[in-house]
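In what follows, chain A forms one complex with chain B and a second complex with chain C.
Showing the complex of A and B:
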């Protein structure tokens, strides 16, 4: 049989034939425009639904994470390697000014603020409660920290000997603006740390943990009372202009520092926010999978219908010498073009909506912070394109439309020319 | 089979002891019984007989669209039962032209594109393809229809395009299954004159299955089948 094999043209499947089959595939799509638009519409809808719902969620997640980070913890922190797991007073960054300079020199860094902290017994009159006393650089933090804007009464720190406390703590201790409070703790090297401060302001964040246990004092007062050196601190809080770059930025800073340091981004600093977002994203992926399966099955159905309607044509193609693989290739091109049509429409509509709503903002029907306090949800969502997911949505549906050809492929391979040619056209 | 396969000079088709049985609703139906049939180069023959006599089955077996249960078939010296599906596909592409009862043109391609398509499968270069297609359509008197799609053509015109598609690759054998079934008598006569001209002028071997007495009258040889066997084989 060498003679027949030798006659097989080298150009079967050549670029010219592929171009011709592609043109045929495009024309075939428009043999039944209504069905084509329905299928492409299904693909477009799936892409739009996935991409737009993710854009909406991403817009909310970004603001939520940013608001959360800007309230108190920052987008990233650089710490002593052991401080996060064992927050002892002795786990200090030895040379904070140097680290700060290198961090502030990085692109995208909005602010870098040192903090020193210790647990202490806070007393006012007869009442005492345990609290986390944090020494902050007030002028620097006031530029970005949400706490400075969450003043319930009085004002933010602006000088030595002052304290800024949470509303629940003030209530528990019976403190008001102008009252004095005493802080007692263990200083570095084992001595007693003691400080007296005048309450200049009370904050209310809605976060029970912060409002109940946090007391801010100037970092210089903290260092004096807890016996720290002027260049020592426990954390360098970093605020960046791009949420996604927080970890890289802080790591770059830590790498520049001489001592070994640990870097935590907002994922590690706000695990509850990260978990909430991950849960939502997992839900989206589940929705994504269901939609992709539904669309794939509708495409399978449409292609089986195509095969049924064009049985005589496929029989003829097989009869005149086109191999089943070639016929399947034509169907693959049809599926590819169908997907491309749906993807262009889907991505286009999504982009238009995201751009419009991104600028306008979409108001939330209810105040989300009443429903989920502490998650710093925005009251208006500005959708933001998540190109990674758009690409994933498009590629998943591409795979789905190509997978949808498996059933027609099996039927094509089994297609009997004689019976197929007898099928009415 | 080697004897059959080696006789590739005189006979373009050589069938020896060919049988084919179908299952219809689990009931075996013998469509062909031990058929011996030779068909020479340059012949124009009709296969006729009542419905179910086996003429289309024989045509399909010769065209490699179906496989015989028993016996051997050689086309242009090539034993079909030794070929794989893809080799059969290549044989059909290179050596056999098909004309179907329902024309079976590709509806989204113009007449010229339909004719060119088979050459594309063969790997003929673009320029040569277009030139040959136009020339072929012109030789069949339908050059002016080159840009029209099948839906814009009459039945007779579509069948001419189908013939152009079948002969443009210069096959050794043209198989036509009821080519006049959907045509009126005037158009059928025109078509038959065309086939006869192709047979005379280009020496194309034409084998057609038909019920139509007019087709039989144009063929030089008439083969009649009944109940799966050849009962008459006459030249006229």
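Showing the complex of A and C:
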């Protein structure tokens, strides 16, 4: 195979030289197609594994976070600065209509809805339970709220004097649609807050916390009973069309309002969902790190074999004056091309799968909402590419394949031309 | 061809390329060690979820009145003698607790919350998290202690503290609401904040007095070992006719389903790792076969059967895997023991708690799993050697000798 190296033209410029070294590296790769495909396959597998698992998880997690947010808490909220840590009735946003106007004027905001809430004793007949009574603007929330879609019986709020309660609470209180319930609490400035409402609907979300403790009433009724002014509320719930921009949008919203307010995005509102996602991604990184190590070992091995088979060739190159660095450079080009081949296949297969499954969705083997209610997992996953991670995976393996040349490099340096030339090919 | 000779030849072939096979071995070791470690972590997670489910007032088996699960309240009760013991012939149990557990409303000057009010006999609660939870103040003295223990989180929500009085409202056995004041004896600190905000404890006698009936709503039994579960259930079903006897998997379907998930995760990890490994393994074996074409041709020419050639390659691959698996398992287990105290997941505490785990993850290696990993890896070694073996028997003696 020495004739290949003999083609190196000494007279051309360095660009031409590089081009021919590249051409030579490519030709060398195909001297042993089986091995090249096996190694490229390993690299492709590693990239595919990371990119595709991440695409699946991203597909699941985006929906999970979005469903979770749309169910109840929203993508972001604007609150009184102390309300999140100390949910007291007095921690109010003073002028909600103005804040709301400025939020709704922002790009990407789908809806902004005020809520007022307090813990109260809810009774029906002789039974009483503690509950979180929330005043909502039904007309606005019905358009996006997952609760409005989780109706188990009856319907959503559509007028004054109504209540929409969780299934577990309804069961505990012995309530069904059409029954009357009484709410008792402490109003602003210390008086007694009392309200009577007719249950118009019961919701069942699968999240024990919501189903057990939540009762919705129209916000006007809440303000009347709890003695709030018509422009006061505890939260402004913001729904956006792009999950990733929720925080920026909400912050722009708060900046628009004059009063000091606190903005929470879905990471802060649903830390368990955010952390669940982070934990899964950390696990994925660990898996990828191990696979990258295994694949790098295999590539080292492949280059050692190459070196062994081409000892005579390298000995000859050295004998006619090529430095070990030059030979190593040639091997580096080979490694680069091998990596590129693997990366193209890996990314290509992943993209194909993502496009295919992204369109039709991949059904989950078991209904995830039975397993982890409250995390709002979708029942079909539509994978979506996470390009940042694909790039990171490719670069990691590029580093791995180049590092894999360290062992052959040491051997090359020690190569004795005379002995090497005597090696049978 | 005698097996002994085949073995000898295969081993010598491995030793001919020490560096190459050493490298391959290193890859096998890393893969197997990582699978063992990950497997132990997943099992640890699983164990954790099961323990948490069992400790969280559930126990391994629980006896409830019919309908209690749908409509938990004092109306769904049953009577039980104070000196009840598990029936003769039932498996040995770690302990049992008779409780009254009813929904209630708790009020301080600063707030109102819905809670589960649980009457317990402190002497029996060695089986639940209550005995091991960190406690500020005092525990309950006995079953007739009329003070309460509440969670730290609830105390913060209600802005109250040790020694203060809280009002609790719950439904009595006659269907009418009862209201009574209780003094806080202690604050408990459980692993999950959800529990702290939800369970309030008092003496079971005091709660029975409040609701006006000497009955219980649940009997919770904990075993020394999970496998005795079904025998215990059977024994209890005979004693408690007309009552529901449920195990923790039925009571905590979420934790039980996570078990199934974890079982699948173990296999997925294995196949992904081995998938990465197989490319290098096949490459190594094929190269080793191709280098020996002349030799194989010669062996065939002097009468070696194709069968023996295949055996030689398979043995070579299996031997590599065997050593790799042995070292890999040892290394993986060493990593597990080095991690003895557990992996701190507190960075993700809320995410972790939301599916019933603790923040300290302690890996649990299982003998069965390690054996399964070993067997599957060896099986994979055989599968990976099939293509190289097929290449080896395709060699025509005459052509090979001419090379």
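One rule holds in what follows: the second predicted complex is superposed on the first by the 409 of 425 C-alpha atoms of A that agree within 3 Å, B and C clash if a C-alpha of one lies under 4 Å from a C-alpha of the other, contacts with A are read in each partner's own complex, and residues count from 1 in each chain.
Here is the rule we use: contacts are C-beta pairs under 8 Å (C-beta built on N, C-alpha and C of every residue); 3 or more make two chains touch, one makes a residue touch a chain.
The shown structure was predicted, so the numbers you read here are calculated from the model rather than taken from an experiment.
Using the contact criterion defined above for the overlaid structures, shared-chain residue A:31 touches chain B, although it does not reach chain C.
With both structures placed on the common chain, the touch criterion links A:320 to chain B but leaves chain C unconnected. Looking at the superposed arrangement, the partner reaching more residues of chain A, out of chain B and chain C, is C. Once the two complexes are laid over each other on the shared chain, residue contacts for A:196 go to neither chain B nor chain C. When the shared chain is aligned, chain B comes close enough to touch A:421, but chain C does not. Residue contacts after overlaying the shared chain place A:360 against neither chain B nor chain C. Applying the stated contact rule after C-alpha superposition, one finds that A:20 touches chain B and leaves chain C untouched. The part of chain C that touches chain A in the complex is made up of residues 19-20, 23-24, 26-27, 30-31, 34, 38, 70-73, 103, 105-107, 111-115, 169, 171, 175-177, 253-254, 257-258, 260-261, 264, 269, 272-273, 275-277, 279-280, 282-284, 286-287, 345, 347-355. The part of chain A that touches chain C in the complex is made up of residues 34-35, 38-39, 41-42, 45-46, 49, 119-121, 126-131, 171-172, 174, 185-186, 212-213, 271-279, 282, 286-287, 290-291, 293-295, 297-298, 300-302, 304-305, 308, 365-366, 370-375. On the chain B side of its complex with chain A, the touching residues are 60, 63, 65-66, 78, 82-84, 86-87, 89-94, 98, 100, 102, 104, 106-109, 117-118, 120-123, 126, 165, 177. Contact residues of chain A toward chain B in the complex are 1, 3-5, 7-12, 14, 16-17, 20, 24, 27-28, 31, 312-313, 315-323, 326, 416-418, 421, 425.
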